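Next come two complexes built around subunit A: one with subunit B, the other with subunit C.
And then the complex of A and B:
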C-alpha cells in the first residue's frame, strides 16, 4: 500500500489517500460518518423502492427533479447586474449589428 | 410508494425516511375542480391533467382574481409533483434558510455552499466540486453505473457536461501548462515558418522552355522554304 502509484489518467481514490490515514481529527471522522450516514439512507430508500414487488410506477429521483427545475428556471432569480447586462448585450445585441454590417458589406450584387 | 400498513412498527429512522419518501413519491392525485390552477411550464404527467389544466386555465381567465392575461402567468402550480419546499429556491440569506436548503439537497449543513449570488439565476443551488464523472470510482456499486451516481445524490449544475461521454477532468499525464506550451508552440512555429515561406520564396532557377530546330520551325507548320529566324538561347 505504501508505494501505490495511481494509473496515469486517474485521480487517487479517496480510500488510498494517505491523508485519510494519518492526522485525521475527530471532526473529520465525524464529518465522514455523517456523510456516510446520508449516503446509506439514500441507498436504503432507493433499494426499498427498487425491490418493492408492488411497485408499478417509475422511481422518481427528487434530486433530478430539482436539477431540471433549477436549470430550466434561472430567470426567477435573475438580476440585471453589470456582468449579466454585459453578457446579454455581447451575445444578444452586438451580433445583430455585426452580422448586419458584415453581410451587407460582403454581399456582391450579381447582375 | 404506498403506506406500509400492517408491518412491524417503524423505527425512528424508518419514519423519517418514510416522511421523506412520501413527500417525493406521491401517487399522482386526481385533481379536484377546486384545486389550484396550473403552472405554465409544467409538463402534464397524466392525460386527464392536461384537460383539467385547460379547463382551469379557461376558468381562471374568465373569472380569476387577476383580470385578463395576468391570470395566465400566475405562480400557482398544480398539486401533483414535488412541493414548493422541495424545489430550488432563492439564495439563502439566513442560517436557518441555509440549514433548510442543505436538508433539502440531502447534504450536510457544513458541506452545503450555495453558488455565489451574482444575478445569473442559480438561486440556492449548491456549488459542488467541478469533477467529471470520469474521476469517480469505476468499481463501486453505483445505483446508476453508467452515470456513476447514486439515487438522491445532489447533481452538479453542469452534470450533463461532466458525463462520461463529454468533458473529462481527470489528471492528464503531463501538466496542463506543459501541454499548452507544447501544442501552441508547435502550431505557432509552423504558422510562422509557412508565413515566412510565402514571404521569401526559394526554388530552383527556372526559365521559359527552349525548343531546338529554330524553335521547331518546321514542326509548327511554317513555310519550309522561308528562312527561319535565328533564335539565340544562350551565350557561351
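And then the complex of A and C:
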C-alpha cells in the first residue's frame, strides 16, 4: 500500500503533494500514502461495481447499512443515564399527568 | 350476508382447483365480484338500524362501511402479492392466497357478528392467518420478533376481555347486540367494576393501537409482506375501533370518569408518533407510525362518546384504511425495485417514474388530510367534537395535524424529489398491475367525497 502511485493523469492528493509536506515527518507521510492507497482501493471497488454491465441491483453501501441498523435498533444499546431518564420522563411521563390534570380540571371545574 | 359468505368460502375451491396459469386471474376476478356484491349492503332498508340479518349475523350502518372496505381489499391484496410470490412453487402461492381468503372470512364474520362472543372469537381468529403471513413470508429475520410481539400484545390485551364478556353473560344473560342496546345502564360502582370496564376496552385499545401499547405495530407492519401490511393497516386496526364502538353501548356511565387516561394517551400519542415519523429512515416504519397517530385520533373520538365523535371516527377509519393501504402499496413498488426500505436510497423517483409520482402525491395528500378528501372530514369532526369536550385538546390535535402534514410532505419529498442516486441503473418501469392497484385504492377515497352518507354510521 505504501507504494501507492496515482494514475498518470490524476492529481496527487494535497497531503502527498511534495510542495506541501516539508513539515511532515517520514512516518506521517507514509501513513498518508497508506490512507490514500486505501481510499483508492475503495474507489476502485465502487467504480468496478458501478460500471459492471451485468449488474442489475443496487450497490450496497456498508456505511448506509450500518447507519440504518443503528437508527432502527437503539434499544439494544440503551442505558438509563441521567439524561435519558430525564428526557424519557419529560416527554413520556410528565405530559400524561399534566394533560390529565388540565383536562380534568377544565371539564370538572370550569364547565 | 350468505350471498357474500358463500362465494368467499367458494374461493377456496377456486384457488386449489384453478390451473396454474389462471390462478391469479380467477382469484382476483372472483374476489372483485364479491367486493361489488358487498356494495349491496350499503342500502339500509330497515328502520331498526340492523338489516340483512339472520340469527347470528347482521349489518348495520356502523359495520357496513367496514365490511365493504374488507371485501374491497381482498382483490387488492391478491393483486399486490402477485409479483413477490411469483418465484415460489405453486402450492405455496395457493396457500398464501388461501390464508388471505380465510382472513377475509374471519373478518366478515367479525364485522357482521351480533353476539359479542362471536365477535371476540373472530377477533382472535384473525390473528392466526396474519401471524402466519408475517412470520413465513416476511423479508427479514426480524419477522419472528415481529410476529411474537404482534401475537402476544394482542392476546395479552384480549384475555381480560374474554373474562369480562363471560362475566357479563352471567349477569345479563345475553350478549347479543340486538338486545344489549336496550338494557338498562349498569350501575358500576366498585373497583371490580372499574376493572371490568378496563378489561372490556383493553383488547381494542391494544389493537387500535393506543400510544402506550403500540410497540407491536411498527414491527408487524415493517416485517409483513405487502398483503399483510395492507390488511393490518386497513382493516385489522379498525377491528379495534369497531369493537370499542360496540362495547361503548354497555359501558356507559363509567366511561365519563375512566376514559381520561386513555384520551390523554391517545392525544399525546398523536404528537409523539408524529414526531417519530419525522425522524424515520425506514419507509414502511414511517407509514406504520402515521397509522398509530391517526388511530390515536380515532380512539380519542370514540372515547368521548358523542355522535359527532363516533361519526368522525368511522369516516377517519375508512379513509385512513384506504390511504394507508395505498401508501403501503406504493412503498412496496419502491421496495420491489430496490430491495431496500431506506428512504435515502430510493430518492428522486419522480425523474424515472413520473406517473407513480402522481399516485404518491395523491396518497400523501390523503394522508395529510387535504380537503375535500374524507380523511379531513373525519379528522375535522373528531377535532371539533373533542374541542367541544374540552378546549385544551385543540392544542394537541392542532399540533398533531401540523406534524401529520409535515411528515406526509416529508415522505413525498424524500421519495420523489431530490437527486436520484447515481448507481440506480436498472429499475423496471411501472407495471399496469401496480397502477391499477393504486388507482383502485385512490378512486374510492375520491368518490367518497361525493357521498359521505355511506360512511357516517348510525349517529346521523
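FYI, the second predicted complex is superposed on the first by the 75 of 111 C-alpha atoms of A that agree within 3 Å, B and C clash if a C-alpha of one lies under 4 Å from a C-alpha of the other, contacts with A are read in each partner's own complex, and residues count from 1 in each chain.
Here is the rule we use: a contact is a pair of C-beta atoms (placed from the backbone, for glycine too) under 8 Å apart; a residue touches a chain by one contact, two chains touch by 3 or more.
Please read all numbers here as calculations on a predicted model, not as lab measurements.
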Subunit B versus subunit C as contact partner of A:10, first or second or both or neither: first
First, second, both or neither for A:35, with subunit B first and subunit C second: first
Touching partner for A:81 - first (subunit B), second (subunit C), both, neither: first
Touched partner set for A:95, first subunit B, second subunit C, both or neither: second
Subunit B versus subunit C as contact partner of A:56, first or second or both or neither: second
Partner touching more residues of subunit A, whether subunit B or subunit C: B
Partner chain in contact with A:104 - subunit B first, subunit C second, else both or neither: second
First, second, both or neither for A:71, with subunit B first and subunit C second: both
Subunit A residues contacted in one complex by subunit B, in the other by subunit C: 49, 55, 57, 59, 64, 67, 71-72
Contacting residues of subunit B [partner subunit A, same complex]: 1-2, 13, 17, 20-21, 24-25, 41, 81-82, 86-88, 90-91, 104-108, 110-111, 117-123, 125, 131, 135, 137, 143, 150-155, 157, 159, 170-173
Subunit C-facing residues of subunit A, complex: 49-50, 55-59, 64, 67-68, 71-72, 91-92, 95-96, 99-100, 102-104, 106-107
Subunit C residues within the subunit A interface of the complex: 260-261, 263-265, 267-268, 272, 281-282, 285, 338-340, 342, 344-345, 389-393, 396, 421-426
Contacting residues of subunit A [partner subunit B, same complex]: 8-11, 13, 31, 34-35, 38-39, 41-46, 48-49, 52, 54-55, 57, 59-67, 69-81, 83-84
